[in-house]
Amino acid sequence: MTYSRDEFLITAIARLLEGDDVRHVAVGAASPIPGAAALLVRNLKGGSPRVALIHGKATNPFTDGGREIFDAAGQGRIDVFFLGGVQIDGEANLNLVGTGTYPNVDKRFPGSFGSAYMYFTVPKVILFRPEHTRRVFVPKVDFISAPGVSDPDVERRGGPKYLVTELCIMAFDSARRRFRLESVSPGRTLEEVLDNTGFEFDIPDVVPETPTPEEDRLSLLRSSVGLEVADTYPAFARDVLGVAA
Amino acid sequence: MTYSRDEFLITAIARLLEGDDVRHVAVGAASPIPGAAALLVRNLKGGSPRVALIHGKATNPFTDGGREIFDAAGQGRIDVFFLGGVQIDGEANLNLVGTGTYPNVDKRFPGSFGSAYMYFTVPKVILFRPEHTRRVFVPKVDFISAPGVSDPDVERRGGPKYLVTELCIMAFDSARRRFRLESVSPGRTLEEVLDNTGFEFDIPDVVPETPTPEEDRLSLLRSSVGLEVADTYPAFARDVLGVAA
Amino acid sequence: MENVDALAAMVPDGAMLALPPEYSFVPMTLVRALIRRRVKDLNILTVPINGLAADMLIGAGCVASVECAAVSLGEAGLAPRFSAAVEAGTVKIKDSTCPAIHTALQATEKGVPFMPLGGLIGSDILNNRDDWKVVDDPLGQGHGRIVLIPAIQPDVAIIHSPLADRDGNVWIGRRRELATIAHAAKTLLVTVEAFQDESLLANEASAAATLPGFYVSAVAEAKMGAKPLGLVEHYAADTDEIAAYARAARSEAGFDAYVQRTVFGAQAAAE
Amino acid sequence: MENVDALAAMVPDGAMLALPPEYSFVPMTLVRALIRRRVKDLNILTVPINGLAADMLIGAGCVASVECAAVSLGEAGLAPRFSAAVEAGTVKIKDSTCPAIHTALQATEKGVPFMPLGGLIGSDILNNRDDWKVVDDPLGQGHGRIVLIPAIQPDVAIIHSPLADRDGNVWIGRRRELATIAHAAKTLLVTVEAFQDESLLANEASAAATLPGFYVSAVAEAKMGAKPLGLVEHYAADTDEIAAYARAARSEAGFDAYVQRTVFGAQAAAE
């Protein structure tokens, strides 16, 4: 079966959500790829993990207003969350504010959203940034919206576990404060990853290839799971999965 | 028109609620006399003050759960609240916990409810205790549920303003930490008040008599206002005001 | 879906058990099941006050300690087994005040170790709480001293609601303290009058009145499950029955006879 | 009942103005009225994020500062006038993060000068906020350092709701952030799609979705008052219109033309 880049990314993320430690996945606004991955795993596993698409409707279980997801994370009830960044550096620091010198940066982006909190409280944060370039993956971010690691005297139960891009998947080791390459996308090479990454990272002796999308999962995405995705992301479901709401 | 003790107390309290500083009166559970007084004034003044009978229904405007009244007091939105006490002393300290040595007191009462907070935050707290005896009005309470006065380095915008009993009305002067007799109930005497009060208080040269209930107010209590009272306190409305819900 | 006895079995001896206030969905059928299962050494937290449920659990010997702003039977008077146990010292008492209990649960809800609260200073409540801490205004803005209330995380909270759906979403109406209790507790056990097939989250109006199922550990049906207390818009409190309890429970023997009849007897067998 | 222009007149120049998030009842008709009345020097607080409303007020020169977790047009991309103003330094920016804004309003809601919040330490958000304070665990329980967020009290908050009653009670559904905003703000101005005669507090179901009128300063009718944003269960966002705004507002001239047409022109006169 042929597949698109987005379908590939959905199944790649889905594999990171299959463990029993993942009971509750929350997905922020305008994140159709992680959202679809979470819904796919829920379907595969017969209802677990719970999935909260924050600005979804039928898929949004929150009834205590905007603060509930942060409160729930503080209570330890959210196991997985997704974050991105205008810039991400080798210590997994995230910049969602802008490039250049703060506060009157050269290029201003929306802002840090809840990153400075969720990054500390959700055990498994998956960094997701399809674009894999030296513009994004820099030696040092210009502004730390949320730090990748913390000193021992700072309460922190959460943090970065994986980075997913169109080129590769990396794992993050908090103790060593470094990323480690896990696998490279089919048709891409280690050299491409190195060329397009502005920070150093660990490389295993043998670099596996990220699996291609499983056929049964593609089928689900293009049918029943696609319908669930369409409930929150109708344009994405139509354009990427070929499913009308 | 003849009147009962409870009707007398309702109109006595009502006179303390007529000022323009009283925009919002809150009344705790099982307090039909203060509740009726607040509803009477609201009726007399054409809708102001707002009245929150906390465990009422149609008369309960709260929708944020049990904490809302305390939050509203913290926001400065509650102007008048009523408190009582198993014991009250001359510095307006309140004991709602019990008599004897804490914690295993000789006689345990329910507890302090919200007194330790409301007494600090509501500008005009009216102490209401019909029984006027030396058992209640003691030189020094056995347990301070809520203190009558505070040191200057403690944030406090509220506190006791009046004490209403079946014998008299007293005003409280926070700066002098003392009560002052304001008026004595019809048919009662200064000597009775002195005999039945275990703490010292200031006495004016001429002691006025607390006015008897105004006829128009008695009429209201026994008709339209009584119906509003019956909505929250049906037994009281029936037995005291002769109004069936 | 579980039954009430299965829920009672999920409350371990020694648990900190949060109870909602008298006007807010008290699960009396479940409380009776707890007494029948002879649960021991409960540390009760009333949120922020309670009456019949706490008094019966204390009288039946299920309770080691009570943290409360008040325990009262309301218009039926003092809570007699509570008063007797505190006077005798057979139950440890931690006096609190309503907003302090709300605040302690909100701290857990937000995942912070404490929250500040105004008032309290000069109260003997504070003077008897070595877990509460008075600090000088930490922002240095001239606010003066303020009290920090440590977070409280109940092991188990129990409530009775009119309605749940098949996903475990529970109707709480405007009793928002039940949401905070649910957010703060490790385990939430719910009894309901009835189940409905349609999701309570299916439309915005009912969603506004609903506690999401992911805070709910188990739900069981219990018809008239708040009786003799009331359930708003469903049934009024049985004031005669509560008064009868208040009279009976004045003595230990009277309490035992009442419990024998209503918890262990034929009346209870029908539950 | 007031009209929308009367509400706009109740927002003084220099006010701290709280705005709800894009998915939560944003009063766009009132925002356009504010631009028409040429309000000045607003200090905008987004709760915790905003988009179109903040961007238009900034572009129209009504804003002195913005405190936000983010300003974004969502799927339509960056908020162009916000970005331009921050880059140029013509609007002062106070970066925050979502839970810090919720926390600051909850502190005001509870009448305390600050509340603690986890996370944040090591972030440049914190490093640029001299009003936030890091303290060692004041309970001395080994929790480590924690951030104290000072209370924020908006002068005015504005929202648009589907429904109010004649007593000023306002339907907010499950958008509980609107309750916290209302509790925290000195003045709350509300526009609604419609009024109903029956009290929203008349039954428990609708009471659960209602903000009591005593937090509400004034209410005015504004049909389709959130457009081009959506209003849940009433109308969807007009994504074409929002995309058209995003394109137009890339330049100051394009923004001016857009505002001329939608705020001052014939389209606006119909409001």
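In this document, chain identifiers A, B, C and D correspond to the written order of the chains, with residue numbering beginning at 1 in each.
Methods note: a contact is a pair of C-beta atoms (placed from the backbone, for glycine too) under 8 Å apart; a residue touches a chain by one contact, two chains touch by 3 or more.
As the structure is a prediction and not an experimental result, all values here were calculated from the model.
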Most distant chain from subunit A, judged by the mean position of its C-alpha atoms: B
Interface with more contacting C-beta pairs, comparing B-C to A-C: B-C
Whole-Å separation of chain centres (CA-atom averages), subunit C against subunit D: 36
Averaged-CA centre spacing for the pair subunit D and subunit A, given as whole angstrom: 28
For subunit A paired with subunit C, centre-to-centre distance based on mean C-alpha positions, whole Å: 40
Subunit A: positions in contact with at least two other chains: 62-64, 70, 74, 121
Multi-chain contact sites of subunit C, meaning residues that touch two or more partners: 110-112, 117-118, 143, 146, 174, 179, 207-208, 210, 232
Chain-chain contacts as defined at top: A-C, A-D, B-C, B-D, C-D
Contact set on subunit B toward subunit D in their complex: 24, 50, 58, 60-64, 70-77, 121
Sites on subunit C touched by subunit B in the complex: 21, 23-24, 47-49, 68-72, 74-75, 78-79, 82-84, 86-89, 93, 95-100, 102, 106, 117-126, 128, 143-146, 174-180, 232
Subunit D partner contacts - residues on subunit A that touch it in the complex: 29-30, 55, 57, 62-68, 70, 74, 96-98, 102-121, 143-147, 149-156, 235
Parts of subunit D lying in touch with subunit B, wherever the complex brings them together: 108-112, 169, 179, 183-184, 201-202, 207-208, 210-215
In the complex with subunit C, residue positions of subunit D that touch it: 103, 110-118, 133, 135, 137-139, 141, 143, 146, 148, 150, 172-174, 203-210, 232-233
